[in-house]
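Look at the two complexes coming up: chain A is in both, with chain B in one and chain C in the other.
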Partner chain A sequence: MTEAIEYLQFVLAPQMLNGLTIGVAVVLVALGLSIIFGLLDVVNMAHGEFYALGAFVSMSLYGLGVSFWLALVLVPLIVLPIGYLIERGLIQRVYQHDQRHVLTLLLTVGLSIIMEDAFHLIYGPNTMRPENPLPGSTEILGVIVPNYRLFLLAVGAATIVATWLVIYRTRLGAMIRAAAFDKHMTASLGVPVLRVYAGTFAFGVALAGFAGVLLAPIYSVFPTMGHDFVLLAFTAVIVGGIGSFYGAVIAGLLLAQIQAISSLYISPHWSDPLLFAIMVAVLVVRPQGLFNWMGRS
Partner chain B sequence: MRPANPAVSAAAPARARRRLGVRHLAVAFPVLSLVFAGIGAALGETFYLRLATEALILAGLAISVDILLGYTGLLSLGQALYFGLGAYTAAFLLGQGAVGFWGALLASLALATPVALLAGLVAIRSKGVYFILITFGLAQVAAKAVYNTRELGGSDGLVGVPVLQADFGLFRVDLGSPVAFFLLMLALIMGLYAGLNYLMHTPFGRTLVAIRSNEHRVRFLGFDPWRYKLAAYVVAANVAALCGALYPMLRGFVSPELLYFKMSADAVITVILGGVGTLIGPIYGSVALVGLRTVLGSWTEHYHMIIGALFMLAVIFMPRGFAGLFDRSEGDPAQDEGEGT
Partner chain C sequence: MTGKLKKVGAVLSMLLPMAAGPAAAQSSNPITIGVLTPLSGTYAPIGQQVKWGTELAVNEINAAGGILGRPIRLIYEDEEANPSVATRKAEKLFQSDKVDFLTGVVNSGATIAVGQVAERNDRLMATTVSLSDAITGARCSPNVFRVNAPGGMQALGLAAWIKQNNPKARVFAIGPDYEMGRNTVDGFVKQAKELGLNVVGQVFAPLGEKDYTPYFGQIRQARPDVLYTSTAGNDTVRLFTQLQEYGLRERLTIVGASVAVTAQNIGAIGAAAEGFVTVAGYSPDIDTPENKKFVADFRKAYNADPDLYGADSYGLIYLYKAAVEKAGTTETAKLRKTLEGFTWQTPQGPKSIRAGDHQAIMTVYVLEVRNGRFTIKEKIDGQTAIGPDTCERF
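Right, the complex of A and B next:
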């Protein structure tokens, strides 16, 4: 009996908590991916690089003497206009093409190649790690939790809720959903659809950049950091249903949890194949993912 | 009428003219290559001949992407999976001394076919973007699995693939000779081109093009698009695996990089730059890309940026690629109509 409690207290619970923090970060990245697809019909293959961009910009800001707290606010504000300009300048150019699905995706593939190489060029190939802004830990119900993870959890959850509120409870959100549902009708009602598109893309990548700042003190910062993380986010988006808000949240949390718990029993090297197998199993039953597209929800 | 890809759905007379243009490209390539091989042999060149051979091997991977993207309308971002599968199968068996040239090629195909059938079953059932993301994810997961498997050499890969003699019955080709390997590869890739070009003009290939243009109508006509797509997927996988199997014979080793996203992305870049839906375009594209990489790589190690930028410009301004320039159906109504969704 005591053994079971000790196992729960020292092994399982901390691991589940780890899974939860990573899950919240995955949801932030997956949400951006899902919103961009749900509205623009664009699969953003450069999303992982925007996550890395957030982390790298924060490292530059720290170098200038900016504190972590200020960087947390500044980084999304820096990534936002970058995303806006990229959407307006590049991605919007191929919207009229009949192969837009493929072409927009290819554009973002090109973008991801350029961005990753740019990180190499500017920051070098070495791994960097910012200081932990909240050292120490707290004991909750006998489980020792690092303070920073608690903070990440709270901020991440608040951001997810705020995003939900904006999309489902504000006039702006209504415009976004309307544009996703019927672009032409929405445009004829006076909504500047193209600007809404660019703004949504910018918002989605800013979310990824925000996740990059948040996760930098836990993971490290290196040029290819986007790759591994975005695969998890992509898996979450596919399992949840591309373009679904709830799908991204639930699948993101669930997959991160499965990954965390499974790593107690199997080598972490094999957790990716495991998650992938789960994804395939879901797709066999429901080829469109678990939840519906947000334009119709 | 919903316009399909202009490269494949051009009006009939324009199509005839276009094929003439592209056919010129298909004739020019082996002629230029033979001249190149002759000069290379005369000068006793090794480096550029081997580089050109690698370009031809990678052209096979690009052709495999083109079968899917250009003829079936399926974008695979994980075609490196089959290239790597072929390469690892060949390297593993050759390293053991278990098989010769033909055995290695056959084993790669024998393994790629069931894997592609299984993966295709899942990937093709899921439509549109799901297909793209599944192929992407599958290759990423396979790359990681290989990277972490010690039996396959882990991050180092497999080394020590012996230099082979390819036995053609009447004659033998010494793969240790750069000229001989180049000529063999040229014959193989042109053979692949001719065979696939023929296949795409059979009723099977025509159905694929029809699926690419309008899958719903194909279904109404009584065809099952699903089966055709799966068949195309398996054919493409076999093409990639075959060329992958030749890679260790040239380089003497394989590494997990062969399965990475970069390989798959490079293949897609090659197809777009060369000309999607032409089969010959990707061969030119591969030579151009390998050449560009070598030239740029001698100046800076950050050449990916330049290639990425070039690729994006091509997607925006020249989505039909190099071979598209030889397609004289420019004023085609199917192209100008371009509608949004």
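Right, the complex of A and C next:
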């Protein structure tokens, strides 16, 4: 019995807690993706690069002497107008086309390549790592957890709840959902639909940028960092149900747990094929996603 | 009398330009050495020492008149710790820069691949860093030489050290998931098992892994006392700091390949590096006049201590100089013949190239990190450490 408790405390609990922090990180990236996907019907292939953009902008801010805490607030505010301009200037130009899905996909793939190369040119190929703003660890019920990961959990959870509140409990959120549901009807009621679209896209990529700042002290900053989380985030969005807010959250946390627990037996970087196998199985058996019944926008 | 002297002077002055002619032509025709080493990425700190060590030796040799009167010119390329990038750039160095010799390759997979490029171009190369035993073993090449201590040499010393200090220890091994990591972990596990140590598990993480925490589950589950690692450069920094953050560092004695903790990353690792044990072919503390001079010159030039890469890279250039001077040429076949069995002097003491596999025979040391510095605990004779020659190609 004591052995079982000891196993739980020393092996299972830390592993699952670690899985939870990774899950929250994945959900933070997946949320923006899911919002842009669900409300705008655009597959944003450059989402990972907006995540990287957030991290690189934060590195520049640190260089100017800005503190981590201020950067956490400033970076989304800097990424927001960039996202807005990209939506108005690029995506909206092909949005009305009947080949919309293909065109927006190609456009954002192109954008992601350009952004990655720009990071390479401006910041160089080397990995940078910001100082950990919360060093040290805390012991909770015999489990040692680094302070920064606890902070990540708290801020991540708060961000997820706040995003939910904005979309489902505010007038702005109602406008966004209405515009996604029936563009013409919403426009006829006096809602500036085009601006709502651009604003939603900007909000989605600002979330990615925010995740970039938040995760940089753990995962470092380098030009190809956009690929890392976005694959898992895409998987979460697809498994959870395209466009489903709850789906992305639950699937993100669940997949991270599957990864964490399977990592006790197989090499962690071999758990990726496992997750993608789950994604393929979901696409075959239930293409609308596991949780789509829980409430589409 | 004066007339006679004048005559001699006149003859001499006629002869002199002829004598000086070829020499002048030669010195305007430098020996070029390609340095293909990681200048960016996870292994950039290793490439930095390779660059410094090579440069210091070349500057000294050029100041003293070069090799056979010809100065050495270095051409750098970024290896990026990536075999496909390395082969492309090696091809460029051989074909368009026409380098006489190539050094600096760090990634073991890249060294094996570039060795084949060197064979096709009929040029010689050396590695001063790569650890995989295959380079001078199963996948040896007549055109490739290694002047650093390979993984197998280190594994033997490390396993013996664990056996001596904690014979009942539960041992776990982690390494980067490519040629070097697989080879060093396999080699270490084999040695440890032969000595009757209890190996409780092994795991591989991709090169450049940013988050090692998902790997801790397996480490916790195996409950090791000793952790062996062959991660290198910035990977080790992340592994050690994350182990410490999760309260695992204090539970473990960490030992590892010589690439794991070095002068270039020990500062970033900080207190977590204390007590780390490795076997390496160099320590700045080696108490010989040659080494003291080398360390002083190195510090003066770069404001940093040399580590094993710096020392091995420095020694290699002097091997090349001595061998070319003895052979009287940089021509591949003759130089290869001269290098086989050749003994030369380095700050680490004398080293010699074993003819059968092109591996340098050298003294290695058991080193432990104490107060942020590597201190020598034991010395292992080169002949004992080197192990059998397993190269069958030549």
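Methods note: the second predicted complex is superposed on the first by the 292 of 297 C-alpha atoms of A that agree within 3 Å, B and C clash if a C-alpha of one lies under 4 Å from a C-alpha of the other, contacts with A are read in each partner's own complex, and residues count from 1 in each chain.
Please note the rule applied: contacts are C-beta pairs under 8 Å (C-beta built on N, C-alpha and C of every residue); 3 or more make two chains touch, one makes a residue touch a chain.
These numbers were taken from a predicted model, which means no experiment stands behind them.
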{"item": "Combined model on chain A where chain B meets chain C, clash or fit", "value": "fit"}
{"item": "First (chain B), second (chain C), both or neither touched by A:I22", "value": "second"}
{"item": "Partner chain(s) touched by A:H269 [first = chain B, second = chain C, both, neither]", "value": "both"}
{"item": "First, second, both or neither for A:V11, with chain B first and chain C second", "value": "second"}
{"item": "Partner chain(s) touched by A:V43 [first = chain B, second = chain C, both, neither]", "value": "first"}
{"item": "Which superposed partner A:N126 touches (first chain B, second chain C, both, neither)", "value": "second"}
{"item": "C-alpha centroid angle, chain C to chain B via chain A, nearest 10°", "value": "70"}
{"item": "Partner touching more residues of chain A, whether chain B or chain C", "value": "B"}
{"item": "Touching partner for A:G63 - first (chain B), second (chain C), both, neither", "value": "neither"}
{"item": "Which of chain B and chain C A:V94 touches, first, second, both or neither", "value": "first"}
{"item": "Touched partner set for A:L107, first chain B, second chain C, both or neither", "value": "first"}
{"item": "Touching partner for A:I144 - first (chain B), second (chain C), both, neither", "value": "second"}
{"item": "Smallest separation in angstrom, by C-alpha atoms, between chain B and chain C in the superposition", "value": "5"}
{"item": "Where chain A meets both chain C and chain B, residue numbers", "value": "267, 269"}
{"item": "Chain B residues within the chain A interface of the complex", "value": "2-5, 69, 75, 77, 122, 125-130, 132-134, 136-138, 140-141, 144-145, 148, 261, 265, 268-269, 272, 302, 304-305, 307-309, 311-312, 315-316, 319, 337-341"}
{"item": "Chain A contact footprint on chain C (complex, rising order)", "value": "40-42, 44, 80, 177, 203-206, 208-211, 213-218, 220-221, 234, 238, 245-247"}
{"item": "Touching residues (chain side chain A, partner chain B) in the complex", "value": "37, 41, 43, 45, 90, 93-103, 105-107, 109-114, 116-118, 120-121, 183, 227, 231, 234-235, 238, 242, 267, 269-270, 272-273, 276, 279-280, 283-284, 287-288"}
{"item": "Chain C-facing residues of chain A, complex", "value": "10-11, 14-15, 18-19, 22, 124-127, 137, 139, 144-146, 218-220, 228, 259-260, 263-265, 267-269, 271"}
